[in-house]
Amino acid sequence: MNGEGLYLLEPAGKTFKLQFKVLKVYAVEKTPHQEMMLVELEGFGKALVIDNFIQSTEADEAFYHESLVHPAMALHPDPVRVLIIGGGEGATLREVLKHGTVREAVMVDIDPVVVEFSKKYLEYMHQGSFNDPRSRVLIMDGLRYVKEAPSDYFDVAIMDLTDPYAGDVAKPLYSEEFYRDVKRVLKRDGVMVTQAGSSYFYTSEYDYVLGNIGRVYRYTAEYNIWIPSFGLNVNFIVASDTYDPYSLTARDFDERLATRGVKTRFINGERYRGLLAIGALRPLH
Amino acid sequence: MNGEGLYLLEPAGKTFKLQFKVLKVYAVEKTPHQEMMLVELEGFGKALVIDNFIQSTEADEAFYHESLVHPAMALHPDPVRVLIIGGGEGATLREVLKHGTVREAVMVDIDPVVVEFSKKYLEYMHQGSFNDPRSRVLIMDGLRYVKEAPSDYFDVAIMDLTDPYAGDVAKPLYSEEFYRDVKRVLKRDGVMVTQAGSSYFYTSEYDYVLGNIGRVYRYTAEYNIWIPSFGLNVNFIVASDTYDPYSLTARDFDERLATRGVKTRFINGERYRGLLAIGALRPLH
Amino acid sequence: MNGEGLYLLEPAGKTFKLQFKVLKVYAVEKTPHQEMMLVELEGFGKALVIDNFIQSTEADEAFYHESLVHPAMALHPDPVRVLIIGGGEGATLREVLKHGTVREAVMVDIDPVVVEFSKKYLEYMHQGSFNDPRSRVLIMDGLRYVKEAPSDYFDVAIMDLTDPYAGDVAKPLYSEEFYRDVKRVLKRDGVMVTQAGSSYFYTSEYDYVLGNIGRVYRYTAEYNIWIPSFGLNVNFIVASDTYDPYSLTARDFDERLATRGVKTRFINGERYRGLLAIGALRPLH
Amino acid sequence: MNGEGLYLLEPAGKTFKLQFKVLKVYAVEKTPHQEMMLVELEGFGKALVIDNFIQSTEADEAFYHESLVHPAMALHPDPVRVLIIGGGEGATLREVLKHGTVREAVMVDIDPVVVEFSKKYLEYMHQGSFNDPRSRVLIMDGLRYVKEAPSDYFDVAIMDLTDPYAGDVAKPLYSEEFYRDVKRVLKRDGVMVTQAGSSYFYTSEYDYVLGNIGRVYRYTAEYNIWIPSFGLNVNFIVASDTYDPYSLTARDFDERLATRGVKTRFINGERYRGLLAIGALRPLH
């Protein structure tokens, strides 16, 4: 019968919820930081759920991870050392390692259990990237890492963190201070990108992020992409002092990815330009 | 208390649902064709709901109606006579009438009750467009209208119809035969556009529409836009034998709208180009 | 399609909810005290909903109102003056007035809007009882009424109030002090009854009520009855200093109702005895 | 956050649903006959869910199993051989074995996986009763068993089967032919009992069962009890050619249970009489 059985109720935006049919529950684990579930959702395949928010599903995670990683990576002419903060599932790492230029990818995640959970259950996400000799996974607070790590080291920094509207725990991860710390560990021509929540549903939180990045970098660009299983569009902000995202042509984007051996399922140069052209979606007045 | 009271459960995609908090129910009416409700949804304001599908909400209807109307209207250098099939709320008509070139806008809707309902309750949608001297509203089956109306009459035809995946009633409204009939009532350099459901969730239904239009017109372009209260992206297809959508520059788009006195809240030339660049989103493989 | 459209989500017990299909919304009104809705629920007909709790539905309200009124009324050999506190829908009043012995029924409800709402929309509930010459409706706080009304006046007092677990507003309405005040306005052989929430789901709140009544009256009896649209059993406590509920036989119960011209749909003497025999349902250990 | 995470949506009655918060999913198994889940429900503890219907929860299963088993067992003066059809969880068997008179309890369940599932996960239900030397568990169709088993063998037959409104699979299990077969395997003074669904929500299905039993036995008695996690009252029908359920006094009931060493949490002689007095609850007219 329709409308019966096990369901996942997930908040979308501030005021409504998504109701997914749960076909199977593979694993549930609690950590001091969060509660994780791996479930099978009708229409989306395997889904990682943390604190009742879907993080990613088999069917559509590439929209998210490709949009997060490749614009920043393509913007840099030669990304050799890459820092990932968050991203415990390993899919961001997976996309980074596709770039043949990369010789070192440091992933810093606060929660050891998420990483263990991923290694154990989310092969379809990390696809072995944790075992790539270029990968180094550190279990520590990203806030502390960017205070303590050496300066002028990374080419690209990718923030794959809890949403900026997720409360007190999120705020420092999107603060001006944090962005200054990230900048310090980047080389002078470094590029950073962060997912930035929802400019439509959480406008003031988004503007807080945008403002902070804007005060730290010369060039910033906004874009957003619909993630079907989120029921909403996710925003991203990419920034650099040296490279202007709007100067990267569709052709350059495609050539850089091709040269580095990167194969994608969604993003390409033309779509990169399309995303920048659309920018952020805000409430209409 | 959270999670209690009146809710609207609406299907999104094939496999999940959206759950909205209903703050108020203004009106409910049944017709032989459909059931209409006007409700107040938390976070979205007034919402028109037909057969349990949200048609439009105060907060975000402009994303939909601007994306449906202005690309086709801008693509035509001088749209004087415009045909709208469906669109009973009057918001598509409202956007069409913004173009100062328009001297006649014919709206054909099958359901008299929807139009009466709109006149009575949806002032925020039609904003008086039903009373514009340039408007003519016909209550009849759009399928019949395009068979019986004179040839070579309209400059632009806009299809604002039930979703292509809405079952048997929808199929003829997206058939090759229908598109040939629409073409007959258009002038030789006419432009048509239709909303086309969801290329992500209803791929085969979408491809049926795309294929049918592709067989009838020389130029077609696909685009899609996220509608927050739908929880998903809606697809559109614009087509013409004379004007190539990809040849219309952002600057031309903006100039045409400016010249005709059109003010918008979401769409502009750059976003038009961005939407075309992204095209349709399909399941990833 | 199943599982779509307008729904009422109502808490049942502390930990789960009932989801009803709403077929129609007749009226919604807010007062300083509460929010009222009259809706049509699939399977239950018209339903009055206050603060998202179903108060009564057309289909099953008689289970509640007959169980509340007739045990106390039957226990008294000659109920002439009856006090109702709460009961704004008028259905408790309707049941009281069925007893031919009654010459005066005073109903005290705090919320004028509820009573107006009932008169306007709930004819099926009050069935004209507000217009019975024996009825007197006072809009005032029941707590104050029983402090200020004359002593030794009523034969039966019926409390049809918000649930004892409804928070701070409820507590005084189930306090020992309140029961002493009620007793003062009753004659020496008076009988009182109150609905008492849920002994299964809100055991400590129920025990608070039971203890308070037990300290004020010599005889008390507990009973409960399933109300289908509540998804749970509602408890009642009847008390008196003179009449022992367990001494009233099924035959006496039936005879008293017959003599007074009372016709019922659910309660009768045998079921009265059955309800007392089952008593209150508590969590099992 | 409230209203988020994993939920179980379960139908209650024909027209509404219960929504439980799922705290944990212990196991999910599919068989050719049905799909089983063991989950932890907020407020109810462990719950066995078959085909999305809650079968029993830790917190309230005793209401059901005591009400099913002990009235029939107490009605028989010396139940030595007992037949259970269905009851795969082992809790009905557990209650039967409490009666010291019992020397053989045959449980016939069609689905081997349910029984294995119970042995593996539902220790709190069967409490070792599968290992009692008096127990014999047969995996076969109950319909066939009562056709093939020897005549005049059992003292009591207890039917713990899928609901009579569960569709085509249920109908033969509540047919007159089945009751005649059951009667054949009972001794002449045998007693049978069956759960009988919901006389309130599924009246015609209930009347079908009641009519069939009434044509086969001289004495029948109806009763029903609220099961909190079902959100509704479950009906039972007990029948015999020799023993009239209404002749068994509360005292006899208590004495027989005491003599046989049976300890209960809900049922006792007085409540047995109360249940019979209330009988079946039907829609009110």
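Order as written gives the chain letters A, B, C and D; numbering starts at 1 within each chain.
One rule holds in what follows: contacts are C-beta pairs under 8 Å (C-beta built on N, C-alpha and C of every residue); 3 or more make two chains touch, one makes a residue touch a chain.
None of the values given here were measured: they were computed from a predicted structure.
Novice: What's the farthest chain from chain D if centres are computed as the mean of the Cα atoms?
Specialist: B
Novice: Indicate whether more than half of the residue numbers at the chain B-chain C interface occur in both copies; give same if so and different if not.
Specialist: same
Novice: Chain B to chain D: how many Å between their CA centres?
Specialist: 56
Novice: At what distance in angstrom does the C-alpha mean of chain D lie from that of chain A?
Specialist: Centre-to-centre distance between chain A and chain D: 53 Å.
Novice: If you average the CA atoms of chain A and of chain B, how far apart do the two points sit, in angstrom?
Specialist: 33
Novice: Out of chain B, which residues touch more than one other chain, so two or more?
Specialist: 1, 3, 9, 17
Novice: Along chain D, where are the residues that touch chain C in the complex?
Specialist: 9, 12-21, 41-44, 59-60, 62-63, 200-201, 226, 228-229, 231-233, 250, 265-266, 270-271, 273-279, 281, 283-285
Novice: Would you pull the chain B residues touching chain C in the complex into a rising list?
Specialist: By the definition above, chain B touches chain C via 1, 3-11, 17, 22, 24-25, 28, 37, 39, 52.
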